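So, here's a batch of structures to check.
Both complexes below contain chain A, partnered by chain B and then by chain C.
This part shows the complex of A and B:
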């Protein structure tokens, strides 16, 4: 009996609470004023437009491992691996067909380098579907996105420019295989 | 058969095998690394541990390695017991301790045996927090990448490379946990089978370098079963594609032919498919060296007009499919058709066919080759002309150890025991060849001489097998004795020296063995992938007559299908013919010297873009399937010919489907078997779908072409083949000729191949693919010994006599246009005897020019070369065609500068 009354009271209180629903895309402050654009607050982990980020050293994070493409339930990611003269892998092209994307975020979850990230920007509608095909130049940003410190290459065993064998985190210097010491 | 009990369930298994082999053959999942069906067991990795019980009452059991325990009757083991599982989990945890965090940037990722086994044992959480051991990598040449950090020390690489393939430059260095698998210094891995390390290595230490350059994960490749076009062996391959480019060639298991291994020419020689020299449009020559692109209809109409006018001669090709050759032969008529082999090649291939039919000796498959116990190689450089045969011969010789082990009661899979018991004893292999080759190290005796003397030696062996006079040379006596005392003697010979007498001598040895009551086998190597097909189809004209006829001006139109005539006859003869003929029509995939002289060019599909049939050295017809749809206007040659003929009013070439052409092929003499090679295009698998070329996890479907067309057109329907350009359907239970890739749940790597075998290492599930067209057995007469004209040897003053020398990288036309093979092959060379070189004033590294061939050659000096003769690298620049008879003058070229050898390059790179 008491709990029912409490519930009723709480529901009643909601009559005076402010709206969670936001008038979007625009809202009038008063009935006579002009509508102004409204952008609701979206948490950083909101799953909107996909971006490709860069390492703290400024190079591309994406190593073209294809895990995002394979995990994508609508198969809307296609890319091709290539590598620079020092052996660092990167995508030759990276294409997301946003007209197919369902913003599920599985690519972000699969990404071993934090390269692919979803952002709170959801305003990517177009009149022409062709404009929803994003290439690498549209996806790549000049920043680290949500994960400022992580650099995959500093934990990987492969050599890249500026990091030789044994210089990654938790690596001993290269073995001298000619040594006869026990 | 033995009955073993695994986790309480009884299985009937092969008693001669080990428990790992038995369990995998029964479809049980047991992780392993160091064991390989072709390499045997060494028990190095400790991954296949199981609990073995003494009897039904034993509840405790003891830990044993399944790969090192015989599958005796009554063996009781458990794979699932917690102790066994824990042990295996610990083993993989130790192996993974130093494994780098590389999977995203590793070419093995997604088809990695180590990944599969890690998942299978349930090791998901890394506990080791210490430092990881690292190694520097080595530059290993244009074929392989080296990434030593990933090694788990299973020893498979050195066991394959050194023990199985006879390599010497890959070794193990270091001690304790610092084992390093590599060369003493950076440099090219020299063995001709080094590419197999890609598939043998269970992780990503050795990876495919050309594939890595435009890498695609295995799950994204769409693949089709194919046949290697590199030589006459016809190894079965998987050819894979993505984004319209051929990405890689992998081994497709064939129990009787290539087994688990390919040669490097086959694996890396398909790069020509992506070449920028590809002909992609119908073209008409307007002025010298310039071609105008024609509309397809206009091009066909022009060809149709030429056909209507008559007087057409057709030249086929031993590198084109049966379908194309038969289409051209039907179009021009037998009397106007030339097979496209040079006159010398054709007469040799005819001789081989005649010999193989006349003798009752079987043509051995490669597994038969491995079961021989005495071998004579007569005049053939198999390592360079049919490399996979050489690898099989190495096993023939090594298999003495298996016989000895059998006598001593050592199980055949016990690799270390078998080889240490044999103490280096080998089956006898006798090599009579022009020059030393890479398999000389396993020969019981060697003879190096000029081709006609080798033939004499062959006849002498034949005579000696019948009755020894006692005055024979040592080599002859030993070889004859070994062959006579063998159970399964094998004679290997072929066409590489272009000498009839050698093939006749090989036939004579076989005949002598037959009359001595033996059951010998005879393997005769033909020059190209479909030489036997061309030989069996036959034509009314041989190359020289055809060219003569064309040059005489009586021919209006010459149609050349997928052939570079400059490789088939002497230059002047070809030029004269091709410049005389009014209309020269060339259908080819690559821009060749012949194609650049053509008036009308049609773009022909390669083996990767068309479906067709090759006939290998065993006369085994095998089907290759198109992997991807050709770009632009490229189409199979037979289609161009059939279309033009139909437009010209012919009603006998109204083919629209590859199966129609196949009917026509099957109607030709000797060809009835080709229908049975593989199911026709209507075949549906157990899922009532066509067999998918794409894996079940193929990605990017809605984005791959989105930049071209957002509307995702329907996948093109493949009406030509029982395969589809799709991921729908099951890759399961279809005939083995239709297997596009190997994958099984939990087995992403190529180790999953055992799921597609009848038993591990046995025949492919559903039978090994291919149908033999000829049964040997006393049809016709054995060719008699032709009177060979013995010509004088040459000299510095009189000129030299040229002997063709084959090279695995460079002699074959198509593979020598594949970039990694180009990088691996040397410049055109000539081999001199030390005496001749000295008298000519030439030393190693200098160049000699030859005015007849119009080219300069790098000088190589070899003590085995006979004075007065010079070995010439055939197929290389300047020596593409048949070598001229007669004495050829040579002079040192003072202006010669050796091209820097790319192999000397050492790249210090991670």
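This part shows the complex of A and C:
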């Protein structure tokens, strides 16, 4: 019985506590005053709209490995691999259907090149379903996203235009196996 | 015994408006108690919410399930609201402001709240749905139990006043409000009143975690609205009766008119009902019953005995 009265009192005191509600999208001080825009705090790692990023040199990070499309639980990612004249892979098209996407972030986890990233933006409503299908030009940004210095081709052991085997970061030149002969 | 016909229309309109305001105010206050805002988008402080709710409920499809007993199903919510509105007839809002000055006013109130049980029970029965039936069953058992000492707990007041007349009871409190000599009676009546109004924490007839929505599972549209209005009316009525019996009704310092004092006190108790809903979890059904029979009933009887003995001794 005492505990019931104590809980009554404690809940009553909450009448004078400040409210937790964030009045997204807009808030009025008084009912006659003009509404001001309100945005809730979104953590930097909030999983919202998906973007494709570029490496520090301004080239596309995506190497069209298809891992994101494979790992996607709702199969909302579709892409086609192609190569440029230097043998560098990139997606010919890259399509995310946001009407299916559940923002699980598994594509981001699977991506070996940090190309696909989720951003703290959830305002992607559309009146037409077709407008929720984002093509590469909608997804690709002119920035590096969360990993400013990372460039996949500079750490990969693959020979590519402008970089031979052994010239990558933290990599020593290949051993000349013949020099080991007695 | 004259009947104040002039009072009937204002009272019915006022009670209905009060129930309508409660639809909004309960949610708003509940929100504040839970550190959120409640409905605040429509109009000043969100009062437009009640108009929106009303329009929604009126325009909704009023569906009667094909397996239900159509006549009883339709009449049950009407019975609840009618019984509750009848109960308002004996409440004295201010000196002379009442519909009927019955000399058995208190008994009339008890009779009307008992009649409302039939509405709940028939609603559960006529829905022909197992959850509704369970809800109706619970309502019947709970209300029969709690009516016993709801009646007994206010007998102390009757002993002190020497009358069942509500206005007499209020006038007898001019020196001392009855909640001081009758504190046990007040507590028991409060608990029984919550159980009679089947409000949280004693809302076992509708217990949405167990019984979908209990006796009004199958109701929709305006019939559902009537059930809700009945519940809010019973909250208002129970608060008004508590104020009349234990907190001096319209009595108060002279700087405010009696009707304002009455409304203020009643409003305070309505807010207390909302606080109860926010704070106290629902007991299990057997706990509810054992609380009633094993604790509240003996307390009431002791209270009744002691009050009677003290009054007899005082007379000499």
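By definition in this document, the second predicted complex is superposed on the first by the 153 of 182 C-alpha atoms of A that agree within 3 Å, B and C clash if a C-alpha of one lies under 4 Å from a C-alpha of the other, contacts with A are read in each partner's own complex, and residues count from 1 in each chain.
Throughout what follows, a residue touches a chain if its C-beta (ideal position, glycine included) is under 8 Å from a C-beta of that chain, and two chains touch if they have at least 3 such contacts.
This structure is a prediction, so every number in the text was calculated from the model and none was measured.
Please indicate which partner A:66 is in contact with in the superposed arrangement: first for chain B, second for chain C, both, or neither.
First partner only.
Which of the two partners, first being chain B and second being chain C, lies in contact with A:12: first, second, both, or neither?
second
For A:23, is the partner it touches chain B (first), chain C (second), both, or none of the two (neither)?
Second partner only.
Once chain A of both complexes is superposed, is A:141 in touch with chain B (first), chain C (second), both, or neither?
neither
Quick one: is A:31 in contact with chain B, with chain C, with both, or with neither? Answer first, second, both or neither.
Once the two structures are laid over each other on A, A:31 reaches chain C alone.
When the two structures are overlaid on chain A, which partner does A:152 contact: first (chain B), second (chain C), both, or neither?
After superposition on chain A, A:152 lies in contact with chain B alone.
After superposing on the shared chain, does chain C or chain B touch more chain A residues?
B
For A:39, select first, second, both or neither according to whether it touches chain B, chain C, the two together, or no partner.
In the superposition, A:39 touches no partner, neither chain B nor chain C.
Considering only touches as defined above, state whether A:170 meets chain B (first), chain C (second), both or neither.
A:170 contacts chain B only, not chain C.
Touching A:102, do we find chain B (first), chain C (second), both, or neither?
A:102: touches no partner chain.
Across the two complexes, find the residues of chain A that touch chain B and also touch chain C.
none
Under the touch definition given earlier, write down the residues of chain A that touch chain B in their complex.
It comes out as residues 63-67, 69-70, 72, 74-83, 86-87, 89, 92, 95-97, 99-100, 112-113, 129-130, 132-133, 135, 152, 155-160, 164-166, 168, 170-175, 177-180, 182.
Residues of chain C touching chain A in their complex?
32-37, 43-45, 275-276, 278-280
Mind pulling up the chain B residues that touch chain A in the complex?
It is residues 100-105, 109-110, 129-137, 147, 149-150, 173-176, 178, 180, 212-217, 219-220, 243, 697-704, 706-707, 710, 909-910 of chain B that touch chain A.
What residues of chain A sit close enough to touch chain C in their complex?
Result: residues 4, 7-8, 10-12, 14-15, 17-21, 23, 31-32 of chain A touch chain C.
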